[in-house]
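Next, two complexes with subunit A in common: one pairs it with subunit B, the other with subunit C.
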Partner chain A sequence: MECPNFIRFFTSNLDVQESDVSDLLNQCERLTIKKNYVLLNQGEFSKHTFFVEKGLLRQFALNENGKEHILSFAPENWLVTDRDSAYFNQPSIYSIQALEDSLVVLIDQSFIDKLTQLVPGFTAYNNRLLHNHIRHLQDRIGLLLSATAEERYLNFVQMYPDVLMRVPQTMVASYLGITPESLSRVRKEIAHKKSE
Partner chain B sequence: MECPNFIRFFTSNLDVQESDVSDLLNQCERLTIKKNYVLLNQGEFSKHTFFVEKGLLRQFALNENGKEHILSFAPENWLVTDRDSAYFNQPSIYSIQALEDSLVVLIDQSFIDKLTQLVPGFTAYNNRLLHNHIRHLQDRIGLLLSATAEERYLNFVQMYPDVLMRVPQTMVASYLGITPESLSRVRKEIAHKKSE
Partner chain C sequence: METKIVELIASPREPHFVGDGFRVHNFIPSGYRMDMRRMNPFIMLDYNSKFVFPATNTPKGVGVHPHRGFETVTIAYKGRVQHHDSSGGGGIIGEGDVQWMTAASGVLHKEYHEREWSKTGGEFQMVQLWVNLPKKDKMSTPKYQAIKYDEIPRVKLEDGESHVEVIAGEYEGVKGAAFTFTPVHMLNARLKNKGKASFNFPAHYNTVILVVEGSVFVNGTEVVPTDHMVLMANEGEVFEVEASEDSLVLILSGEPIDEPIASHGPFVMNTQEELVEAFNDFNHGKFGTLAD
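Presenting the complex of A and B:
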């Protein structure tokens, strides 16, 4: 199973040889999974971070009233993990599921440790990724608190340009915190503006 | 200006001597500020993280339509920073303002570097703080997407037990993403349940 995205993800961001990443990759578990396969169930434990080489995952939770919300989509080149489980030894808050047939690389702490030893700049890079993730989550909170349905939708299109065509519209609505009817209305309004 | 909270924040979480933290503290700027003082204006630049020794801050943004939302409150022992400005050289997304007369310690990169050199476990600790912050923001997104006004309120009370009495109810409502009327109704319902 070739993983060119995985190798490029690290070589394009870090001062590391392709052969070194390739060696590390060979020590990682890789999973070819079918659409709807659940990599992690809410309440289970996993120490892995999943890198999406090919396909599409979603991270979602059901609350006590059975209402589902989608925390994130993860298309190619995205990383996804449940932090409660991976870093705080608690049952996972989220389920992680394939929305398409996918190829996933499982990253664990030993991979991180080896990369840290190999690449002097890795700790700083990882830190930057974490700060950037915080920034992104803060933006999303801002959108949920004070943006219109249209603004949320346009932000989504910018962040996940191709996901929109790959998932049911009900999931996009769930991610945005709007009803499927609002989403449909917003899309029509935008199409109408473009055609004017 | 004594800063016992600041010193305890580090000595209770890291293997570091009080005298060492005290030395580092003496190299930090400390600000005594009045209620309503703005430490950082949206659009400005600041490389600082603010530690609240005494008092209470809020971090908030106005969107293009003039709608305000509150990202966080920061009472004693909390850290607050604008990540776009501090880590990504972009204009700040948020304003940071005092809601009470406050004493604030300004932390900069040189403080972090010195602490990293002094305390071998600091990098891992800081990493854990970042992951925990991500967890907290994800929880908040989950609450905004699928929790009732009552659930959001109860979560707020748990996280900020004393802030509730220190800020106007309109700000609590703004943080929760509900109307002041909903907040008032929820509080009455909870008081009613308790008195039964």
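Presenting the complex of A and C:
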């Protein structure tokens, strides 16, 4: 199965030949999965980071009352992993599920090691990705602690412009930490402002 | 009857060599969601996708090594393999043949490209599979079933040109050639373009499809290219495979053996103690002798 996004992800950011990335890609598992398939269950162990070649994943947790909380969405070109499991050998605290039919590439430590060896600049790039991810989480904590529902929603639209059209509103509300009713109200208010 | 749905479709990963004669992609147990517990009774599947071995006077293969606690099954699609084991079993298998070795209490064996075939070399393609044994049979006497292509029962399909070969288990009431210890269905479907076969296995049976030649649709929608493996979900019973070009697919479905698995290298037992015993027995020459 062809993975042009995966190859472009590395060739456009690193000084690396397409054929080298292609060779590394062949060492990775690639899985085609159906909508709703749970790639990782809360409590399971996985050493993998999932690259979304096609489709859409979500990372979420169920609390004791059975309520879902969505930590992130991962459309094409996003990476998603449960760090407890992948880096600290703990059972995963999040589940990862396909929201659309998807094609995912499974990245493991040996891939990272080989790429590091092949491309001297990879470590610096990977650090930058990591810092960017922490910045995103920082922003997200800030929004959850102090922002209004409208601010959270506008940030989401900016972050995930196409995801908005691809998932049910209840999931957007769950990601934002607001009720579906609040989300509906915010959307109406924004539409109203625009039409004024 | 419910439709058995596709759980996932796995691409083959970079192959590695087993000895110097088998260039394989491992699917079971290293594939995602394809560990021994999930796939039981199929506890190992190495797939040598089509690969050209050059001519040589020294046959390539794997030297003497032990097995205990399961069966090894080799399905030859291209090329010829010669096998010897310490229980006196042995033989040569070629295109379409199957070698079914019950290692059980323990054998030493070795497998090589057949000497004459090696001299010319050519396309080589095989599946090597380990089928688990239930506790009560793990220490039974080793045996060997050599199954020639001509002896494998066939079931003609609707189009009159495609057919299913029943290596083990059953298809449409036709029983397979091999004896199995637990319920295992092992079928090669040779489908002409647009040829269709439907299958019906209990929901809890662990089921995979390997596309050896061509490409197929599973349940009408899932496209599966050559050398890819489909893991079917443990839900539903019935599924359909339709060829989108002339194709050959291997279908495996087996009842899980609901017993603990302890495995290390060439031994697959139920407990750690039994593994230690297997190593001791091997080190003390209790697996017999076999010259290199």
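As a convention for this text, the second predicted complex is superposed on the first by the 196 of 196 C-alpha atoms of A that agree within 3 Å, B and C clash if a C-alpha of one lies under 4 Å from a C-alpha of the other, contacts with A are read in each partner's own complex, and residues count from 1 in each chain.
Here, a residue touches a chain if its C-beta (ideal position, glycine included) is under 8 Å from a C-beta of that chain, and two chains touch if they have at least 3 such contacts.
Remember, it's a predicted structure, so these values are computed and weren't measured experimentally.
Undergrad: Given the touch rule stated above, what does A:83 touch, subunit B (first), subunit C (second), both, or neither?
TA: In the superposition, A:83 contacts subunit B only.
Undergrad: Is A:100 in contact with subunit B, with subunit C, with both, or with neither (first, second, both, neither)?
TA: neither
Undergrad: Based on the superposed arrangement, let me know which partner A:140 touches: subunit B (first), subunit C (second), both, or neither?
TA: First partner only.
Undergrad: Based on the superposed arrangement, let me know which partner A:131 touches: subunit B (first), subunit C (second), both, or neither?
TA: first
Undergrad: Taking the superposition on A as described, I'd like to know which of subunit B and subunit C A:1 touches: first, second, both or neither.
TA: In the superposition, A:1 contacts subunit C only.
Undergrad: Using the touch definition from the top, say if A:29 reaches subunit B (first), subunit C (second), both or neither.
TA: second
Undergrad: Looking only at contacts as defined up top, I'd like to know whether subunit B or subunit C touches more of subunit A.
TA: B
Undergrad: Does any part of subunit A touch subunit B in one structure and subunit C in the other, and if so which residues?
TA: Dual-contact residues (subunit A): none.
Undergrad: Spell out the part of subunit B that touches subunit A in their complex, as residue ranges.
TA: 61, 63, 65, 67-71, 83-84, 87-88, 93, 123, 126-128, 130-135, 137-142, 144-147, 174, 177
Undergrad: For a test of understanding, state which residues of subunit A touch subunit C in their complex under the given definition.
TA: Contact set of subunit A toward subunit C: 1, 23, 26-34, 37, 48, 106.
Undergrad: Show which residues of subunit C lie in contact with subunit A when the two form their complex.
TA: Within the complex, subunit C touches subunit A at residues 5-11, 13-14, 31-32, 222, 225, 228.
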